[in-house]
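Two complexes are shown next, each including subunit A; its partner changes from subunit B in the first to subunit C in the second.
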Partner chain A sequence: MQLSCLQENLSRGLSVVQRAVATRTTLPITQNVLLSTDNSRLKLAATNLEIAISTWIGAQVEEEGSITIPARLLTEFVNSLPAERIDIAMNPQPLGLDLECARFEAHINGRDADDFPPIPTVESGVIGKISSSVLKDAITHVAFAAATEESRPVLTGIKVDLKGDSFTFAAADGFRLAVYEGKLAEAVSEDVSFIMPARAFQEVNRLIGSDDTTIEFTVTPSKSQALFRLENVELVSQLIQGAFPNYSQLIPEGHDTRAVVDRTAFLSATRTASIFARDGSGIVRVKVLPAENGSSGTIEISSRAEELGDNEGKIDASVEGDESKIAFNSKYLSEVLDVLGSGEIALETTTSSSPGVIRPLSKEGYIHVVMPMFVQW
Partner chain B sequence: MWKTVGHDKAVSALSQALTDNRMSHAFLITGASRVGKMSLALDMARALNCIGDDPPCGVCGQCRRVTDELHPDVRVIGLEKDSDTGRLRTVISIDQVREVQRDVSLKPYEGKSRVVIFDGAENLREEAANSLLKTLEEPPDQVVIILLALDAANVLPTILSRCRRIDLRPIGAEIIADHLYRLYTTDRQLAEEVARMSGGRIGWAIQATQEPEMLEAISDRLDAVEQTVASSLEARFEYAEQLARRFSQGRAEVLEELDLWLGWWRDVMVISQGKPELVWNVSRLSALQSTSASTSLSQAAATVKAVQRAIDLLQRNVNSRLTIEELMLAVPNVVISPA
Partner chain C sequence: MPIRLLRPDVSSKIAAGEVIERPASAVKELIENSLDAGATRISVEVRGGGSELIRISDNGVGIPANEVELAFQRFATSKVSSVEDLDGIKTLGFRGEALPSISAVSRVTLVTRYERESEGTRFEVHDGETVGNEPAGAPTGTTITVRQLFRNLPARQKFLKTVGTEISRIQIAVTRYALAYPEVRFELNPDKGRKFASPGTGDLRAVVAAVYGLQNAEGMLDMTPSDEDDLSPMVWGLVSPPSMDRANRSYICFFVNRRWVQNRFLSFALEQAYHGFMAERRFPMGVVNINLPYEDVDVNAHPAKAEVRFRRENQIFGAVQQAVRHALVTYSPVPEVNRLTSGHSPSHARTQATSGAFWPTTPFARPSPSERDRLAEIAGWTSDHDAAQTHPIADVTPESEPMIPKNALPVLRVLGQVQTTYIVAEGPDGMYLIDQHAAHERVMFERVQAQAVASTPEIQSLLEPAVVQLNPEHQELLEAQGEIIGSLGFAIEPFGGDTFLIRGVPALLGEGDPARALMDILDLMADGGGFESWEERAAYSIACHSAIRAGKVLSHQEMMELTRQLEDCVQPNTCPHGRPTMIHLSSSRLEREFGRT
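Right after this comes the complex of A and B.
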């Protein structure tokens, strides 16, 4: 292998694949990055056996070839180089890469490319297309609700249902549920459901640039992998096996009280309350008061810390239905309010022991359900 | 081709199960250390992923990746090094089990089956073992879990009942000797001697054949055993103290040394029974003979039991110095006449 490329390009490419480089040492070679020539480009690829990312950068290829190199060492070295041309050549004995840039040169030992776990190629399967901004929005609204601990692996994933030209993403961690319904750019070739690791979706999200483009994805027939094809980047994720809980029955069918508030005001009142909630198991209490003789409806958000003090904030709301009280974990409440854009949101409650529902008025397809906390009022 | 040597019964049963497509999804392989448990488990991993004609073919890409420890779907879980002290931990933690559960929830990366091998199932911490139960009972599709253990008695019954058991017996000395002579040495006499010394543990025999310094170290240790057996209580207690100190630095080495004690007293028993041809430590025949002349069979048997008990207690974290001192008290006084 012999080629030259620009330092900026190589550095950018390495930073793209870096996120798929393994941090665990189960299979030491997964801490390497695979470099291979692909026509007149250099392909960089890394896998942690859950997510594999490949990217292509422009290069002047003199001689074809491939090799794997410790990712961290290569990245740190390349990042430290001046923004000039890098000449790269493979050295057979000892196997490694010789790099030359300006007045710097380095030799990095590597391993045979055949030893590297094959980067999955997804040839056939269900194919669909989605606008990158829609995908980004959906991931942002759902991924944070997935479980992070691994005692129930299915809950660390996002359940994806694709039906015709519409899609549903859902994530739940036992305390909250986020469901996002939206439209694909193009109908899928066949309806399909699968569970994709939330971590993998977050990587897709990170790779989506600011320009709105169309992203093509493919799910293998055995539903073992999903591929997302972005500009010059491909991400393949292993899919999670198992049955995702039937979440539709967790969404309350009706409500007794509905309060419509400004999201930003609600978020800042929640944040204020969470300062006091920090010491009190994170509980914030939300009291919804309907309009009364002339005065408008309000939401009171309060919290107290044993022996330290308490606080209460009020915001205006247009309230339908009865007065209601409900307590939430402040983290769950602020996380969902955080991802919702500015505008009005509706908080729907029934009793203080049944789940609360949050819906942004401007986004019909999104619903967020939070389990209440049991407190003495 | 199955690489496992000397366990034909287990291999043919597994191979049949594979052909009939009725492979279990959880196995417990028990047997003495280095008897071939890991070899069999890796053979199973190859067989389950092989894309050749006669699994495990050993030559296809999948088989080779397993052999080279490069297969992403085949994982061995054992004791980890503590990142702070650099020492080997003594238990398999619940975090390691959780990581496995996360792994097996994903479809195999490149192979047909994910194979998880727990090397030393007796080291599973109780909470780790409990969290593994559900996975053992209903692993996701395309997942096979193989537990390796020295003795089923040290594995939780709830785990035992969820696994198909494979018990590996010590392998006959002739089979080991033939294997060594065929693949590892041209010295027939060495092959036979090592095969006898191995006590049916082929993995040990292969390593000893390849590493002459290992045989030397054993010889030194056996010298120490003989000296201690023939020495005063004071010298024995000094030996106990030294052994206990080494135990706190590295358990495995001391347990190996106690295994030598075990083998040595076993040999004494064998000679007392008039079967010198079954002796493991052939090079020590004269010392063994004079020991057997000055001890009764029941004394030798009691000593074997005492050594076994000491090994067991040490594995259960009983105070190492007290345990070894107690053992030294149990060893009969012997006069070894010079050869």
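Right after this comes the complex of A and C.
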């Protein structure tokens, strides 16, 4: 293998695949990055056996070949080089790469490319297209609600339902549920449902740039893997097998009280309350008071810490229905408010022991359900 | 008082005390007699926790009419005749002490018919005195009714626990025999609590389903005996895959030549086999049968025969470890297929590396659907609604705690973590080492207690109720201590049979599988951690379950937060057990050690 490329391209390419490099592993070669020539480009690939990311950068290829190199060492070295041309050549004995850039040169030992776990290829299956900005918005609104604990693997994933040209993403961690409905750029060839690891989606999210492009994805017929094809980047993820809870029945059908508030004001009041809630289990108490004698409706957000003190904040709200009380874990409340853009949101409640529902008024397809905490009022 | 020989009635009661400690031991002795008589159906009826009535009926061979009276004599047995016989005891009983011991401390009625005789016998003994011996019609087999156990032994009676506890001990005893003898149908009908029936089909997995629930039975791995040579001990049974771990050892049963035994050495061998598969302080489940030549094991080491001695301990150790390891490696190459963390478990990654496969695809060996249905059908715990009562707990009101002077901690500056177990901190007078688990346990313990006392549990409700199958012991515990468990923040409701729904969990538990958390906490409660009152046991269990473990890497922020919370505790210097949470190395000590003074 012999080629030349620009330092900034190689550096950028390495940063793209770096997130798929295994960190703690018993299979040391997964801490390497696979470099291989692909027509007149250099292909970089890394995998942690859960996801695999491949990217291509422009290069002048003199001689075909492939090798694996410790990812961290290569990345750090390349990042420290000046923005000039890098000449790369494979050295058979000892197996490794010789790099030359300006007046720097290095030899990095590597391992045979054949030892690298094969990067799966997803050739056939259900194919669909989605706008990158829509996908980013959907992932942002849903992924945080997925479980991080591994005790129920399906809950660490996002349930994806594709039907015609519409899609639904759902995530739940046992205490809350986020559901996002949207439109695909192009209808799928066949309706399909699968569970994608939330972490893999977060990586897809990270790879999406600021330009709005169309992302093509493929789900294997066995629903074991999914491929997301971005510009010059491919991400393949293992899918989670198992039955995702039937979440539609967890969304309350009606409500007794509905309060519409400014999301930013609600978020900052929640954050203020969470300071006092930190010592306990993060409980914030939310009291919704309808308008009375000409004064507008309000939401009171309070918290208290044993022996330390308590606090209460009030924000204006337009309230329909009865007075209501409900307590939430401040983490769950602030996390959902955090991802919602500015504008108004509706908080719908029934009793203090039934789920609370949050909907942004500007986004019809999104619904967030938070289970309350049972507390003494 | 001059020395004199004890009167027979006194000495027989002393001897009885050794064998018959509590109602469960009477049940145990009588079941052993039934099994030795070749019974295939044994039913046990219990009233008043066994002190009112125990009735055991079997369909064994029965006792010949002319031998019935002899059976009640001390050291009378049909099972051993010479000293040489003691070297190779094949029967469960042999000491000839059970019947006389029981009859010395109760009123026993025995109705039996020997299989080769046409007429049966009815024999009655009150407190060691024969009061009746007459012919009677009876089916083949023996029915023994023990009434008013320990009535004449107030010293023993005093130490009996509540009815619920005694019943649960009897349940444990019966289930152990059911596990050891899958081919025998056992029935237990207590007047309170849950009934139990084993199918008696000879299928060990079916018995495990009846005892530990269907879910657990399905997941267990088969240990098949190796038939390489007949001389080595044969080990067989069922063990759990590493993913089905438990918080204590109570799910491990060993049977040596089908006799339940308690042996540290065997437990150690089993745990060793899981080494590397299972986190520290977690234990597997297992029903392990060891078949040995009878002369290689001495069962005559303990009156209740719970302890045994082995002639070749090391050989047995090796055999158990090997058999378990073999089962684990054969059936359980991947801890959990759906678990996607790479490099999380050594076995996981190793399998992938050697097979060269990129994605793990090995499905977990599970019983087929039809077998599942069959298991479900025979999983025999049925709840008895009429009899289901909660047992009142003595002294529910927590005693007002003596005011302990606030053991103020100095303000600490966190420096770092040692061995991912201890936090190093600096105080005004030298250095402090804090045990992170013990410290967090203390913090959680006080928080749980404060909430329980103020009866303001913080309950996080669940999006979807978690379904949990509980074994009989857990059900008993839940029934008896439900109020306490509820006051700590669990919202649980029965869902028919052995199934329960968890609707809410203590907020302190955080994320994690609620069903697993509940089972862990029930296990820890059963263990007790050395606490007497149930309130403390429960608080301790939740604290222990939710406290961070040794080995967890903590960020500086987390360590600061933990020390700050510890400073707020009433008794910051010790964990709930009284072990120290921290060690102090004073400045003067440091100076002395470095020879600066």
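Throughout what follows, the second predicted complex is superposed on the first by the 377 of 377 C-alpha atoms of A that agree within 3 Å, B and C clash if a C-alpha of one lies under 4 Å from a C-alpha of the other, contacts with A are read in each partner's own complex, and residues count from 1 in each chain.
Heads up, the rule we're going with is that a contact is a pair of C-beta atoms (placed from the backbone, for glycine too) under 8 Å apart; a residue touches a chain by one contact, two chains touch by 3 or more.
What you see is a predicted model, and the numbers here were worked out from it, not measured in a lab.
The superposition on subunit A brings subunit B into a clash with subunit C.
Within the superposed three-chain arrangement, the count of touched residues of subunit A is higher for C, of the candidates subunit B and subunit C. Shared-chain residue A:Pro153: touches subunit B and subunit C both. In the superposition on chain A, A:Asp115 makes contact with subunit B only, not with subunit C.
Contacts of A:Ala106 after superposition on the shared chain: neither subunit B nor subunit C is touched. Of the two partner chains, both subunit B and subunit C are touched by A:Glu50.
By the touch criterion defined above, A:Ser281 lies against subunit C but remains apart from subunit B after alignment on the C-alpha atoms of chain A.
In the superposed pair of complexes, A:Gln225 makes contact with subunit B and with subunit C alike.
In the superposition on chain A, A:Asp173 contacts subunit C only, with no contact to subunit B. Of the two partner chains, both subunit B and subunit C are touched by A:Gln238. Subunit B is struck by only one stretch of subunit C after the chain A overlay, and of the options 9-17, 81-89, 207-215 or 333-341 that stretch is 333-341. According to the touch criterion, the shared surface of subunit A, contacted by subunit B in one complex and subunit C in the other, consists of residues 24, 26-27, 30, 49-50, 117-118, 120, 149-151, 153-154, 156, 197, 224-225, 238, 240-242. Put simply, subunit A touches subunit C in their complex at residues 22, 24-27, 30, 48-50, 117-118, 120, 147-154, 156, 172-177, 197, 224-225, 238, 240-242, 245, 250, 279-283, 306, 329, 353, 355, 369, 371-376.
Touching subunit B in their complex are the following residues of subunit A: 24, 26-27, 29-30, 49-50, 115, 117-118, 120, 149-151, 153-154, 156, 197, 222-225, 238-242.
Residue ranges of subunit C in contact with subunit A, taken from their complex: 336-344, 346, 349-350, 352-353, 358-359, 361, 450, 455-464, 466, 491, 504, 507-508, 511-514, 516, 565. Contact residues on subunit B toward subunit A in their complex (touch as defined above): 68, 70, 72, 75, 98-99, 101-103, 105-110, 131, 140-141.
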